[in-house]
Structure formats: structure tokens, C-alpha cells
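The following pair of complexes shares a single chain, chain A, combined with chain B in the former and chain C in the latter.
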Partner chain A sequence: MGFVNFESAKESSMDFGGLPVEVVEAPRGAPSNTVLGTLPNIRKVLFSLFKGMSITLRYLLHPSTVVTQQYPENRNELKMFDRYRARLKFTYNEAREHHCTGCLICEMVCPNASIIIHNRKGPVTGKKEIDHFLWRWDICTFCNACVVACPHNALEMTGNFESAVYDRRLLIYNLNAYAGPPANALKKIEDPEERKKAMEARDVYCEFTPMAGASLPGIAPLAEKKEQD
Partner chain B sequence: MNVHVSTLDEKTRSSLAIESHSETEEYFINMGPQHPSTHGVLRLILKLDGETVREVIPVLGYIHRSIEKISEYSTYRQIVHLTDRMDYLSAIMNNWAVARTVEKAAEIETNERIESIRTIVSELERIHSHQLGWGVLGMDMGAFTPFLYGFRDREMITDILEETIGARLTMNYIQPGGVMFDIHPDFVRKVKEYLAYFKPKLDEYEDLLSGNPILQQRLRNVGIMDAETALSMGATGPVLRASRVPYDLRKIEPYGMYGEVEFRVAIGTAGDCWDRYYVRIEEMRQSMRIIEQLIDNIPEGKFLLKKPAAKLTIPEGRHYSQIETARGVLGFYIVSEGKETPYRAYFRTPNFHNLWSLTAMAPGGRVGDLVAIISSLDLVIPDIDR
Partner chain C sequence: MDMLDFFPSSILQAADTSWQTVTIAQRASSAFRDHDLSGTIGYLLLGLLFTAGLLTVLGLVLIYAERKLAGHFQCRLGPMRVGWHGILQSAADGLKLLLKEDIVPENADKLLHLGAPVLSLMATVLTLAILPLSPTLQVVDLNIGVIYVTAVTSLGVLAILIAGWSSNNKWSLLGAMRAGAQIISYELSATLSLLVMVLLSGSLQLSEIIQSQSDGWWIWKSHLVGVIAFVTFLISTTAELNRTPFDLPEGESELTGGFHTEYSGLRFAFFFLAEFVNMFVASALIVTLFFGGWMPFYIGGWDGFNSIMGLIPPGIWFAGKSAFFIFLLMWFRWTFPRLRIDQLMSLEWKILLPVGFINIFLAALIVLFEWHF
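Our next item is the complex of A and B:
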């Protein structure tokens, strides 16, 4: 092909500091400089140019070889792999009870402090339990350290990768659906009324998340900002 | 002891003071930091005589993120994810460099399953890194089609890795004491399918770009670097091997499963751009050979031998270990005080050292040749600055 004969790649053994290393040499070639070599040169050039062109032509004539995905259009069919790491979530059992005990291991292993945990003393159990589990999607590096380190399998990474929003504060989430003890501690509370009291519902944006942040100094709450626009 | 570090100003002034050997006036021009063929934010100050390059002064630091300094405040497990952001095309191999150093220092043992998974994913990543390098070289030389072809095939490897690892670029896969996930049940089948698919495609690469006489003439005898210069510049990887030095850590100092597989080290003869280009093509072939030998017999066993939340300390002292990434030798050096975080961490990155060979190769050539040389070095700029 061209001026290089690709079959001429030489396999040999070389010595490197007393160690024999099996090597393969890259082929080389140059056009002929003589007058007689002109015609073979032209022949080689034309042949390899047409060979290259024929590949692109073949792909042009066979639309089945197109691999392009039309992303926003194929949103409904697009399925990410199970292990895809994008959005951190709590795992819940069938009764929508989480498994987080508030042990702070994930906060500890997180390399850039994108997890912030606030614990409280439970009103029913009297023990330490999760109040707010804040996760900052804006600075998370998706290293998966929190998921792997969690001793209770309370966290999982999901495939929702579409994070574009107009305000960065929207990417700070409160992950737990309720403030309260984990599933196995709730099992011990037998009275359903008591159990209801132990679980205090939490929004995605509430209290410590800046989105509830009317109190943030110098930053207008989002509702007001929208009106200004 | 006084160490004089010359500033950029001094360097350009001293370069200006050198007597020019032509009657025309020499001038300086900036290439980058936004030039597309510098592959990132790299600035080159060129001293030109007409169109002939007289001197190249690389200017770094535009994408410095102080990874080494952050490492001093991170535990050894947290350092791993920072290395993804250095040479993002060989993220897994960067992880391995940290994991290997930590394992060697803390005497953490691994089993054969872990080592073969590491080897296979690393070789897959080496292939996709070279595919991108191949495509980008084509694009720098003025052929846009190879770029798309390279990306098409690279996409399939990223898909395979994505299924197992869950990320496409910043893998954070190899951990001290194992790997983060076990391989996906489909992994072996898909890798085999891919190898069967990519072998004929590699011949297509040859027809499309390697066989192109324009490219051959554009790369041949451009940016020649002899073995001695390459060694003195500290170049490693395909850049060094193209200068006919068969130095490959996978052979010289086998790690992982490389000691037990058969493969050949690709070398060049002249050390020009063509050799650097073709060494990468040949390395893809050899990588496929390595994967073929390993993929059928991944031994059984655990994939992570150390609990990811357990405390990990390294005994006091200095520890160094290195591996061969797609671009050369990546070394990781730790000065430990016996704590959970290193006292000092240093990365010996391949691209930083490969870059300086540019100053030896480019003078005497044309500006167009310089583009070919940068492209054949296959630089990843975040790895230079880290």
C-alpha cells in the first residue's frame, strides 16, 4: 500500500541490557527516485488512493453501517447500563423505607465533600438517625467510593445523566425521602402510629439545601429570580 | 545550594540573542494555547525563520489542577480517582499505577483473577487510546474521515468498559487490593465479539490512512529523533520505542499478567513520525493478542480483597512503582510518614517527558511538520500539567 510494503514488518529478537526482547519492526518505504521508478510510483499512488476511497464509498453506499445515535430524539429508547454512574440515590425497600443509619462513612470517604450529612436524635427511638442527607451533584466526581464503602447498601448510582439546569443550586439534593430510622430499626417499632411519628417526610429541596435558601445571603431565592427575568 | 530556574522571559530573550544564520529576520509566534492541533491548552512559542522552525519553547500550566498537592490531603483510595483526570485516555492504567505502588508498599496481596481483569481492561484501554490517537493524527494531517472511524470503534470499547465499570472516561476502577466491580456477565462474550470485529477493521485502517501515500510522505523523515536523544529527553512509550529502543515495562519488568502472555514489542527504525505512528498501530495488534490469550481463562476468585472502607496506611519511607500506560511510563512516588495520607506524592507522567523531546525534534523543520510531530507524540495535555 502506498510506498510501504506492510508485509515487510520484521519480527526479530533484540537485546536490551542483557534481556532478550521479542520485537516487531515497523515497515518503511519510500518512493523511487529514478526515472524508471516514476511509473511504478504513479501506479502505487493511484492504487492506494482508490483503495482508500473505496472504503469510504462502501460505507456511503451501505447505510446499515451507520452507528450514529440521534440522542435527544432517542430519549425514550435510550437505556443506560445498570452500573452506569450518574445520579446518587437512596435504596428503598417495598415500604419506601431507606437503609441509612447515618454512620457518616460515605461522608468520610468522599474525596471532595460532595456528601454532607446532618443527623438528629430520633423523637421516638431516642437514638441517632438521619435528618438530612445532602448530595451535591454539581461537584460530585462519580467515583463511586460512597456506594462501595456503605456498609448497609443504602446508596446506589443510577443512570440518570441529564443534569442540565439553569441554576447550580438546583443540583444540591436532599436524598432521603424521610428523616428517621432505617428499615430494620423501623421493624422494631410495632405501633403503626409511633412508626408514622418516627418518619418525618423530607423534600428533595428542603431546609439545608440552598434551594429552600431564602435565607442565603446575597442570593435571591429562585422564585423571586424567575419573576425578575 | 542555588538553583536557577529560567523564566519564560529569559528563555525567549536568550533565544533572541542567538545569532541567526540567515539574512532574513527571525520572529516569534505563539502556537496555542487554543490551537486545535496542540490537543488542548498547550502553548508553544515558536522562533521562526520564514516558515522554518528554529526553536520551540513549550509553556505549560494552563490546566494545572495541583493533583499532587491535593493528594497530600487525600487518603490513598481517594488519590486513585484523581489520576483519572491526568491522562484521561488511559485512566485505568493510571489507577493501576497508584494501586500498584500502594499494594507494594502496604504489602497487600492480590489474586490471579484481579491481575487478569486488570490486564484485560488495561489492554482494552490501550487499544482505544491508540484508536483515538490514530484518528486525531489523521485529522491533524487534514483527513477528517479517520477521526470518525477511530471514534466509531473506540465507542464500542467504551461501551464494553461502561457496562462493567459504569463510566466512560473517569473510570476509578482499579483500587488498592482489587478492582471496584467484578466483570459483567457479558464482558467476556462482548470482548471476544469486539476482537473478531476489530481485526478486519485494523486492516481497514491500514488501507484508509497508513496506505495513503500523502500521509506516508508527510510523516516519513519528519521529526527524526535518534535513540540517544530520546533517552536523554526521558521519552518513554511509543515515542521511545519508535527510536529503536525496545523498552517496554510490560516486558522488562513484567507486572500484572504480562509475564505469562506472549507478545512482541513494536519498535521503529528511524525514529521519525511514521515510526511513532506505526508503532501505535502495531501495539493495537499486540494488545489484541494479549487479550486473546487471557480472555478465555480468567481464574475464579474474589475481585476485591480489601474492604473499601477499611483504614489503609503505608509504612514510613519512600515508595515508588511504575507501569506502562498507552503513552509511556507512569510512575507514582510516595513519601510516607506512616499515616493515611502521603506526606508527598509525585507522578512521573509520560506526556510531560515526551513533550520535551519536541524541543529536540522540531528545530529545522517547517511549521507543518511541527503539527505532524505534536500529533505523532500523541500528547494529552492534562497529563503534562496534572
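Our next item is the complex of A and C:
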């Protein structure tokens, strides 16, 4: 039973790709075949066994240590971690105004082109503004690059992971709730009526998404809804 | 023995209750002597039903307990879906295994492949018949009970070796060979510990061994010898059961299941059931030999306490004690990492076996000079 002999350990520094790395060289202790030499090892072994058993007993006796989530049952109370990355979402202020200026940085930074942005010339302001922000949940790798790259913090990743659908096209989302200028541009328009006119409502599945015009049970695109009214 | 007077022998003395043991086999034979044929057949059927029922109940309860405990030992919940807190999980699993396709590899030795699980379960069932669960709940009370248990549980090794060989699979064979080496090695120290208790109690009959503990359990009465024998027996039975930290024959990460890699459906269930019931057999043996079997826990002099303890039926005492040791084995399994094969062998041949030999010598001295209480 050769044990590592920490008493005769040598510490040195080693160059590792330009970075100094601390190295500890500890020789293996001479194997102790005598009965007395084995005794400390036996003591060490017994101590570690009891330590391990006390840890597992603590887990058994304290049900609060359980980390399992009973998912479909606790769906309403389920709280995902802040760092969990699933569904991409626009950030909105209190007045439900987004912060997207349509600068296309997220589209450029997206590694597999799962973001497609359509801009337009604003009918009220006459300036470039977002028309459709298409995000493909089916091919997104959740790399977070768009969120990091966005200069206006207009995007965020949320913990909503329930993406199961029967038609893949249903995973192509229009993220902006309205087509129009971002929050700080809307602030300059003082008349609330004008401001409302500048915000044209957009649905999750509308025009540019493949669902535009198509109807699946339970899915009614905005364009169709308008016709019905 | 003046030097031993600091520990008065009366402290763990039991109340004066003599236990009359009547086994099911004795009832059957007395009915036969009275020319009561229906009674004889009835008692024989009762014995069969008892063994079969015990096997089934143990299988269901122990598998559920293992999964539930495993969950909570690892910060999980274990089965939760089938029934209240998953209480019907093992019944559902059993049904699933019954309905599963029974796959036999093409180049397997068909007869041996079929026979091995049956042999494995048979070895277990045969031991269940002689376990004294209470003074009246025992099928047969053999006068060579300890030898019988050692002999019959060794059949399990044969089943595992046959299973590994007949599967015609490298992993199965390796697992079976490991199991063979491990069980044969650890059988030595297990038997040495058994012999210590045989020496102390002066009998090979399991009910006699329990009766010899009516004035205190052997773990208290036999000084350090009994404790050492208990620890060696606990370690070596854990190894014989192929449970972690000695689960090399199964070795999921190395051998994809070891000797039962090629088994599916009901035959796999047989191995599984045998493993779990063997755990009960091992715990029952530990209880019988060291912890007084179905004897209640008495403290000498505390008459009120003793009379309350005496109210609890002996069957409950036995079940409770063996449940504790089953819990201990499960606790071991979900805490310790697996040993390497050379560590396993050196533990047996370098530590446990010499300790066992010294221990049996000391036990002989203690019995010879009557130093025990």
C-alpha cells in the first residue's frame, strides 16, 4: 500500500503556454508491508468510510437536500435557474416597449443564422425601425451570443424550455410584440396618440413566419384574426 | 475470573422466559404420527406457501426500499409515480419483467442458460426454509443449520459461473470469474466467523444458537471476539452478496452488468430476486448469530423496561433487527466506491483471513476457560 508522501513533496513552477503553473511533485511513499506501517492507513480508511457514511445519512435524514423536481406536477411553481438558457425573448419596459433598434448585430453574430431581422422605414417617424424579428427555436444552439452582443440589452434568455410541438414550423417565432421604434425613440414622441400609432402590433406567428396564412388547430395567426373581425 | 468482575454478567441478563420452538416440519410430522393425513398435507403446504410468500414479499419490499433509499442517499426522490410515493413500483417492474421478451443469445448454451437463474433462486429459497423467524415461524430446524446455510448459499456461485459461461460473452465470463474468485475467497472468513459463534454457542442448530443467547446476545457476551467475528462476517457477506463496495462481478462501468449481461425478462428477474433475498438471508444470519435472533432486547435489572420489551412479539423483533442490517447493507452500497480486484483480494487474504484465524483461536481459548458470560 504505497501512499503519497507529502512531507518530501517538492514545489516548483513550470511554464505552460506563457503562464506559470505551480507544480507539486510528491513521491509515492515506500510500501509499508509491516503491520505497524499499515495501522495508520487502516485508521485513515476507517475514518474516511465513516465520514462518507455520515454524509449519505445526512442526505437521507434531511429531505430538504433533495434536488429532484417533480416536473409535470409542479409546472406552475417550477422555477428555473437564472442562467438557464431556453427561449429567447425581447426585454420590455413597463409600458411594453422594446429596446431593439434593428441594428442587425445579433443577426451577424448568430453562428447558425437562427435570427433573421426585417427592418422597415417607420411610417410615423420616417426612420429605420424593426418590422419582424424572426428567431428559429428549432435550430438555435442557445449560445447566448446574441444576448451578449446586443448593445441595447434588448434580448434575454428565459427558462421556458417547453418547446414540444407537432409541426417544426411552429418553432419559428416573431419576437417583437410590435413593429416600431424602441423605447428611447418613443420617448421623444410626446403625443400618446402618435406614440400608439407608431407601434404596430405583431403576433408570434405573423406574416414572415411560415405560419402566415396557414392554419393549424389551435394556432390563429394575427392576419387571420383580423380578417375574422 | 476476578479480572472480569468489573462487567457484571447480570447487566444484560434476560428475564426468565424459556422459549418453546415448534417448527412447521415438527407440526407436520406429529400430525403424520397421529395418522392425520389432511393435517400433514396442510402443514407441508403451509411450509411451501410460507417460503414462497416470504420470497415474494421480500422481493417486492426490498427492491422498493433499495430504490427509495438510494434516491434519498443521493439527494433524489426515487420512484414517485406508481401509487402513493411509488409504492407499487416493484409490482409494476415485476409485471414488466414478466411480459418482456426472453432473449437467448444464438450461440449460448441453451440448457445452462436456462438453468442458471433457476439454480440461483433455488439456492436462496433453500436457505429461507431454515431461517428461524420466530419460535413458531420456521419451516425446518436442521441440527446442522450453520453447515447447511454455508453449503446451500455456495450453490449461488455455481449459478453465477454457469450463467457467465453459458452466455458465451466475454463480459459475462469475466464477471462470473470475478464472482467465483470473490465468493470463494470471502467464504473462508465468513465461515471462520460462523465457526466462532458455533464454538461459543456449542451448537450448529440455528434455534439452539438463539436459545443460547437468552441470557444476553453474543455480541455483548463474548468480549471482543464476537465483535471481531461480527465485523468480519459483515464485510465478507457484503462481498458474497456482490454488493458495493465489492460489486466487481456486476461492474456496470466495466462489464456492462457482468454475468447477467445476456439475461432479460423473467430470467434476469430471477437473478435480481435472488440477490435481494440473499441480502435478507445474510442479515437474518447476522441477527441469528450475533444479535439474539428473535430474542427481545433486555437489560438486566430493569424489570419494567424488560416487560415492555417482552410484549413485542419475537417475529417483530427478528424483522426489525434484520431490517436494520438490510438498511446497513444498502447504506454501504450507496456510499462506498467500488474496490479494485487486487484491493479486494488483498483485503481478504492479507487482512480478514489472518484476523479470522487469530480470532477463532482466541474464541477457542475463551470457550475453554469459560471467560464469556
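In this section, the second predicted complex is superposed on the first by the 143 of 229 C-alpha atoms of A that agree within 3 Å, B and C clash if a C-alpha of one lies under 4 Å from a C-alpha of the other, contacts with A are read in each partner's own complex, and residues count from 1 in each chain.
Assume a contact is a pair of C-beta atoms (placed from the backbone, for glycine too) under 8 Å apart; a residue touches a chain by one contact, two chains touch by 3 or more.
Bear in mind the structure is a predicted one, so any value in this text is a computation, not a measurement.
> Per the contact definition in the header, classify A:Glu25: touching chain B only (first), chain C only (second), both, or neither.
After superposition on chain A, A:Glu25 lies in contact with chain B alone.
> Taking the superposition as given, does A:Gln70 touch the first partner, chain B, the second, chain C, both, or neither?
second
> Quick one: classify A:Thr141 as touching chain B (first), chain C (second), both or neither.
first
> Taking the superposition on A as described, I'd like to know which of chain B and chain C A:Thr56 touches: first, second, both or neither.
Both: A:Thr56 reaches chain B and chain C.
> Which chain makes contact with more of the residues of chain A, chain B or else chain C?
Greater contact footprint in residues on chain A: B.
> Please indicate which partner A:Met14 is in contact with in the superposed arrangement: first for chain B, second for chain C, both, or neither.
Only chain B is touched by A:Met14; chain C is not.
> Just which bits of chain A does chain B share with chain C as contact spots?
49, 52, 55-56, 67
> Can you check the complex and tell me which residues of chain C touch chain A?
69, 71-77, 80, 331-332, 334-336
> Residues of chain B touching chain A in their complex?
Residues in contact with chain A: 74-75, 77-78, 80-82, 145, 152, 155, 162-167, 170, 172, 180-181, 184, 204, 206-213, 215-217, 220, 242, 245-248, 251-252, 263-270, 274-275, 278-279, 282, 286, 308-309.
> What does chain A use to touch chain C in their complex?
Counting only chain A, the residues touching chain C are 49, 52-53, 55-57, 59-60, 63, 65-68, 70.
> Using the touch definition from the top, list the residues of chain A that touch chain B in their complex.
Residue list for chain A touching chain B: 1-4, 6, 9, 11, 14, 16-17, 19, 21-31, 44-45, 48-49, 51-52, 55-56, 67, 81, 83-85, 105, 109, 111, 141-145, 148-149, 151, 157.
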